[in-house]
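What follows is one structure encoded as structure tokens, with my remarks underneath.
When the chains are written out, they are named A, B, C and D in that same order, and each has its own residue count from 1.
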Amino acid sequence: MNPSQENHSQDSHSQDSHSQDSHSQDSHSQDNLAHGGAQKRQPIDAQPVLQLKGITKRFPGVVALNNVDFDVRPGEVHALLGENGAGKSTLMKVLAGKHQANEGKIILGGEEMAFENPKHAKRAGVVLIHQEQSLVSEMTVAENIFLGSLPKKPGNRVDWRKLREDTEKILATLKCGFQHDDLVGSLSIAKKQMVEIGRALVFTPRVVVFDEPTASLTDHEKPVLYDVIDSLCQQGVGIVYISHRMDEIFHLSHRISVLRDGEYTGTVNTADTNEDEVTRMMIGRSLELDHASKPGEFGETMLEVRNLSVKRVFEDVSFNVRKGEIVGMYGLVGAGRSEVAETIFGLRTPSAGEVVLDGEVVQFRSAHDAVVSGVALVPEDRKDQGLILGMNCRDNMTLASLSGVSSMGFMKSGEERAVYDKYHQAMKIKTPSWRQKVGNLSGGNQQKIVIGKWLNTHPKLLILDEPTRGIDVGSKSEIHTLVKDLAKSGYAVLVISSEMPEVLGLSNRIIAMYDGRVTAEFDGDSVSEDELVQAITGMAGSSPPKAQAG
Amino acid sequence: MTSLKGFFRGKTSIQPIWIFVIAIFIFFSFMSEYFLSLGNITNILVQTSTIGLIALGMTLVMINGNIDLSVGATLGLAASLAVGLQEISMTLAILAALGSGMLLGAINGLIVWKTGVNAFIVTLGAMLGVRGLIFLYTGEESFYSMNFAFSDFGASTIGPIPVLAIIFLLCTLVMHLVLTRTGHGRNTFAVGGNPEASIDAGIRLGRHMMINFIIVGFFAALAGVLLASQMGAATPNLGRDYELWTITAVVLGGTKLTGGFGSITGTLGGVLAIGILRNGMNLMQVPAFYVLVILGAILISVLIIDKKLNAPSTKEVRI
Amino acid sequence: MASAEQPKPGLPTGKLNKAGLMSFLSAQGILVFFLLGMIVFSFFSEQFLSQSNIMTVVRQASIIGIIAVGVTVVIIGGNLDLSVGSMLSFSTVLVVDLHDKIGPTNAILLMFALTLMIGAVNGFLIGFLRLNSLIVTLAMLSAIQGLVLIYSGGQNVDIANQEGTWFAFFGRGYLGGIAVPILIFGLLAILVQIVMSRTGYGRRIFAVGGNPMAAVYSGIRKNWCVFSTYLISAFCVACAALVLGSRVMGSQNNVGQGYELLVLAGIILGGTSLLGGAGSIWKTVIGVLILGFIQNGLLLMGYPYYTQWIVTWVIIILAVWLDLANKRKRLLTTHS
Amino acid sequence: MLKKTIITASMLAVSVTAAQADTYRIGITQNNVGVDSYQTTYESAFEDAAEEAGNVDIVVLDAGGDVARQIGQMQDLIQQQVDAIIIWPTNGQAVIPAIRQAHQAGIPVVVTNSKIAEAGLDFIAAFSGPDNVQQGISSAEMMCDALDGEGQIVQISGQPGYTTAIERATGFEERLAEACPGVELLETQPGNWNRERAQRVMEDFLTKYDRIDGVYAGDDNMGVGALNAAKGADRADEIIFIGATNFAVGYDAIERGEYYGSIYQSPVDDAEAALQTALDVLAGEDVPKMNFFETPKITAENLGEFDRPVF
């Protein structure tokens, strides 16, 4: 299932004009995406610029990487795949000098290297662009790009003029709409990502590693990134591309390598393979999104949102969710989706409009009120909003329903364990013990704990905000199945997502948001990808919604 | 964003503390006939120079994401050394005093760096321990300088301006330049703002932490030496509670306790605010008991106003 | 931040006994210090381990201990309380002064009420206005000291008839052969430890201290939780004031000066991190006792009082390094 | 010019008395008001005395125990060009340069309560206060009498580094060694003028020493703390308590027979003497450098001759 990128990128007036130029330069990439895997890239035949041989990395109690081989050729995009915990990030950290391997060799341009720290690796031409954003928000774009390598005049003084000139050169190649002296804290997530990429260009890079670069980008913002990657390739830079998204990988890469449980399972040419094969390499089985299994029986309306507004955030939002129904909310990052959810959940004060829950108008003054009234929110940011990372699994699981597992204020540890065991089994959470700190779990298992936490409050309405962001394919499909089962058992479910396949695969109805407004509402089974893309990029304003449900 | 907020934010913002400084300056000018005179203003500068000098170093340490509670004790030790060792040689005494401050700073920095333990814990220990060292060294006695040249220096002036005030202002200028213009200064912001990112960018976290702790140790020691020269003596209890007033001044100046944000100009404003308040209330003969309450109340009010100005109201989630 | 897929150190993979021992050592390093110190002191001073000396030390430590119990709760909730020193002065002066004026019962009740009110002000500013706790309590430290002086006019307060009041019970009395201050300290510590580890309230405080944002997103009323920790802290201070006032039967206006730092030193020695979301009352009890025994032991050995500060410093450094060394060792043993 | 307009604008704040020629403006910077009752009573007595004198306008400042702040206050007073400065030194040495500055500015300085070091004597007009060395000597003599020249005693001294504490301790120790060598001073620990702290110190002494015959405390506040500790250990009967600066609690304890004796020192006398000395200096009288007011011994025998202290 590949989302069509063609339409919106050509008509997008919201995007900066210079990204239009870059699209026309690299129009082949658009064609590729539009036609799915039809024109996959052929492997580049050249001597590798970088080789990793027999890399082994041990952490206390764990062999994170076992005898892994990997290489990158100049000008190629080499995708690295694997489930969470497979060792991708560790391998890249070894490559970038953040970790040192216990065994094995790193050969860069024919020379064996031993990187002691990231700066060392960077100077040698290996740059890692991080999964988590690693910017200093109180500093300017220029200072962030040159973080750790500010141009200096004698006496350790910063050479501001050179800094400015160098930054402008880099910004010109990135073609992004911000200035060298903008504070990074004031930029959007996508623009911050561009600043990160700008960093890679400071040293003439030989190998650039992208670790989940699109995790926080919307479909709409991705082409800019693809263009940057293409232009790097044209300069002969080798790219390592880590992602969970198959469509991206098949679109961008020349070759694909797969890791499983710290072991190297193989490398294939993108042109010679397909998603099924790669998935099998990753998880040992093939996997399919099951559209047929969507819930089909709906009860009465559980949630009705009428003309809800929060000043300067979103405006006049109306929709409803019925019992047993999954409603998808689709839109770009920053369109106001999470904010709508937070308002329903009592975390924001609406400036106008009302929320009706189970037939009653509710005015929540805090999240606590919302929880008491039966609303559950699985938040967007698992680590910051969803979990207490330093707490164990059980305690996180019961955090939202403490009064249910206590009497007279005292915890009943037997009941707590029972709650934990119930969801532990039901959701197949992989942890050695309930005492395990959730910070030590993989993203998928963490997300299951958050969902378990909310299921135990027995909510009337379950809101899931980006439920599968940064989660490996296996866990993702498990969570999808879970959500559908929940709806079938009578829950009213609202799913917010930036991933079109997810929205299409789960939702009975889809609400599209653009720039703080609901632009359209679609039937989840009959909507086309084009319609959705138009609705979330502000082009569907004139065209009437295709289907009005409810 | 309202226009008032815009006034205090953005690239050409005015630091709120300076508005406050100007306001109380005008207020006291009207309330006391003695306030607005060159003599009184230089007095304020001399009196604030002690806390002020420490605050310069503390600003860097706090932007760096750390804190140093041991500065008061460091000041006391340096003062005792500067007076106590004068029998041997004046130069040696002053060098030893400044050296002791830098050494203590280095020890604090090293422990914070190597163990990754909260600087609050490490320096709270040092605060107690260094005070113990002072008592051990001085035998609980005050030291008195036989050399009047030493105390004359503390009282000397260039033109109408006391030397101590000039030293303080010069140091302020230098530290402002260090913070805004040098690689070390910018990296200090980076380390405080996002330590992970800084490590990834190859910035040597430990080195900058060490340097900043050494800087604050140096300034605490310098303040101690200058204070000793004002008194021609050193007492073992010197500098008690100074760490609290220093931190207060730095926070009033807008430096964030969480690191990554702050400025020397703000700190100067914070230091002056406290100095002017104390001086002005003295001149107005506000009873000492009430001064404590007023200072506390003003500090909390400034925090509340700062919160209101910086809170992006509707954009923020209610937590 | 480590990414989700990086394997974490310390997962039990076998050799459970050894790993268990190491983690025990790293967690209880401070206990080892405690026992070592006791042994060293007992070599140098015969009286050190005598029952009466131990009772004396614990009784002396109980005032700091009682306050530390409350401050530990504030710290677990992710904040600091530096105002406890001034608050102790406030409460002690108040209860002693009112004792002769309105009778002991009323004095105690009024003192508790007013102390809790100050705690509520702290809690309101930090919990509901979300101001930084370090600075707020620093400001309150100054403001409350001023209030005490204004209240008393700077005069010492005394209880006239020291022999004939049951108020003496709290600081000087014995119950079943144990000094009442120790009993109050012990009871309060056990009570609060139970609240923190066994109740939903305690769990919420840990959550708020561990990740305030996630706590709010879990429907926990964070502001109330923070607010309540300052009430607990104030309650403990009021208990301490009861003991102190009754013990001295009089009070100076600055009687609590510097207690905030001693309390923190005790908590730190116990090994509670200041970051919030972690810690325990019993650790704090150990830390406060260490502080008391250092002070007493050195005094019995004939060292001047200020050596205890140097020793405290050295112990904090050593404890911090030991903790680090243990972590290192764990890494090294599994590497080879 | 600006200054002039502001002065006219702030007529309200200008004290009326400034216009009168024969009114003196006297500034006082005190050590640490509020730390104990003596200093607080001193302050109010000083204010009362000034009011009574009529022709005095006073500026009352408090250094809060901080030397640096006291120096700042001296500078402020010099800046205001008061007619005379009374200083209760936070430290006998560190304030000398500030006193010297006042001296150089032509402002007479009267030191009150606690002496400054020799080197500073040239710069002051006079000292007024108790003779703390003599107080220590008197206490030593009382101790000798009470113990009949034989015994083991401990000392709880005042704030370390503070002149009064040092002088009392020195006077006591020297006289004791001289007058009755049979009395052994086992140990000295500071009680910081703080009753609770003294109580704790005494508790430790009681554990450490099986036999204690006498306690000398730097003031009654600490002495009563020591008494509390001894009572708690049921050893109060076997110990002689001697203090200084008789507080009301000490006076009562003497009355009850629990406390042997103290030194009677009135903050009211102290304050009045200080103001009088300053006025004498301003009047151009020939004032002796050292003005000690009487601080007699007080024991159960002569208790009736003294009023109960108000603090």
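Operating definition for what follows: contacts are C-beta pairs under 8 Å (C-beta built on N, C-alpha and C of every residue); 3 or more make two chains touch, one makes a residue touch a chain.
For reference, the UniProt names are B = Autoinducer 2 import system permease protein LsrD; C = Ribose ABC transporter permease; D = Sugar transporter.
Since this is a predicted model, take the numbers as computed values, not measurements.
Following the contact convention of this document, C is the list of chains adjacent to both subunit B and subunit D.
Between subunit A and subunit D, the least number of touching-chain steps is 2. When chain centres are set by their Cα atoms, the one at the greatest distance from subunit C is A.
The pair with more inter-chain C-beta contacts, choosing from A-C and A-B, is A-C. Here the spacing of subunit A and subunit B, counted between their Cα centres, is 44 Å.
Note on chain placement: the centre of subunit B and the centre of subunit C lie 29 Å apart, centres being C-alpha means. With centres defined as mean CA coordinates, subunit D is found 35 Å away from subunit C. In subunit D, the residues touching two or more other chains are 33-34, 190. With touch defined as above, residues shared between interfaces to two or more other chains in subunit A number as follows: 132, 347, 366.
Within subunit C, residues 1, 149, 154, 213, 216, 304 each touch two or more of the remaining chains. Taken together, the touching pairs give a contact graph of some other shape, not a line, ring, star or complete one. Here, these are the chain pairs in contact: A-B, A-C, B-C, B-D, C-D. Contact residues of subunit D toward subunit C in the complex are 33-37, 39-41, 43, 187, 189-190, 194-196, 199-201, 203-204, 206-208, 221, 224-225, 228, 232, 247-249, 252, 311. Subunit A makes touch with subunit C in their complex at residues 58-62, 64, 84-90, 93, 102, 131-132, 211, 347, 366-368, 370-372, 377, 379, 383-391, 395, 398-400, 402-403, 405-406, 409-411, 432, 439-443, 446, 453, 457, 470.
Taken in their complex, subunit C has these residues touching subunit B: 1, 82, 125, 129-132, 134-136, 138-147, 149-150, 154, 212-213, 216, 222, 261, 264-265, 268, 273-275, 304, 306-310, 312-314, 316-317, 320-321, 323-324.
Those residues of subunit D that touch subunit B in the shared complex are 2-3, 6-7, 9-10, 13-14, 33-34, 59-62, 64-69, 71-73, 75-76, 79-80, 90-98, 100-101, 117, 119, 159-161, 190.
Contact residues of subunit B toward subunit D in the complex are 29-34, 36-37, 39-40, 43, 46-47, 50, 135, 138, 140-144, 151, 154-155, 227, 230-238, 240-241, 278-279, 282-285, 287-289.
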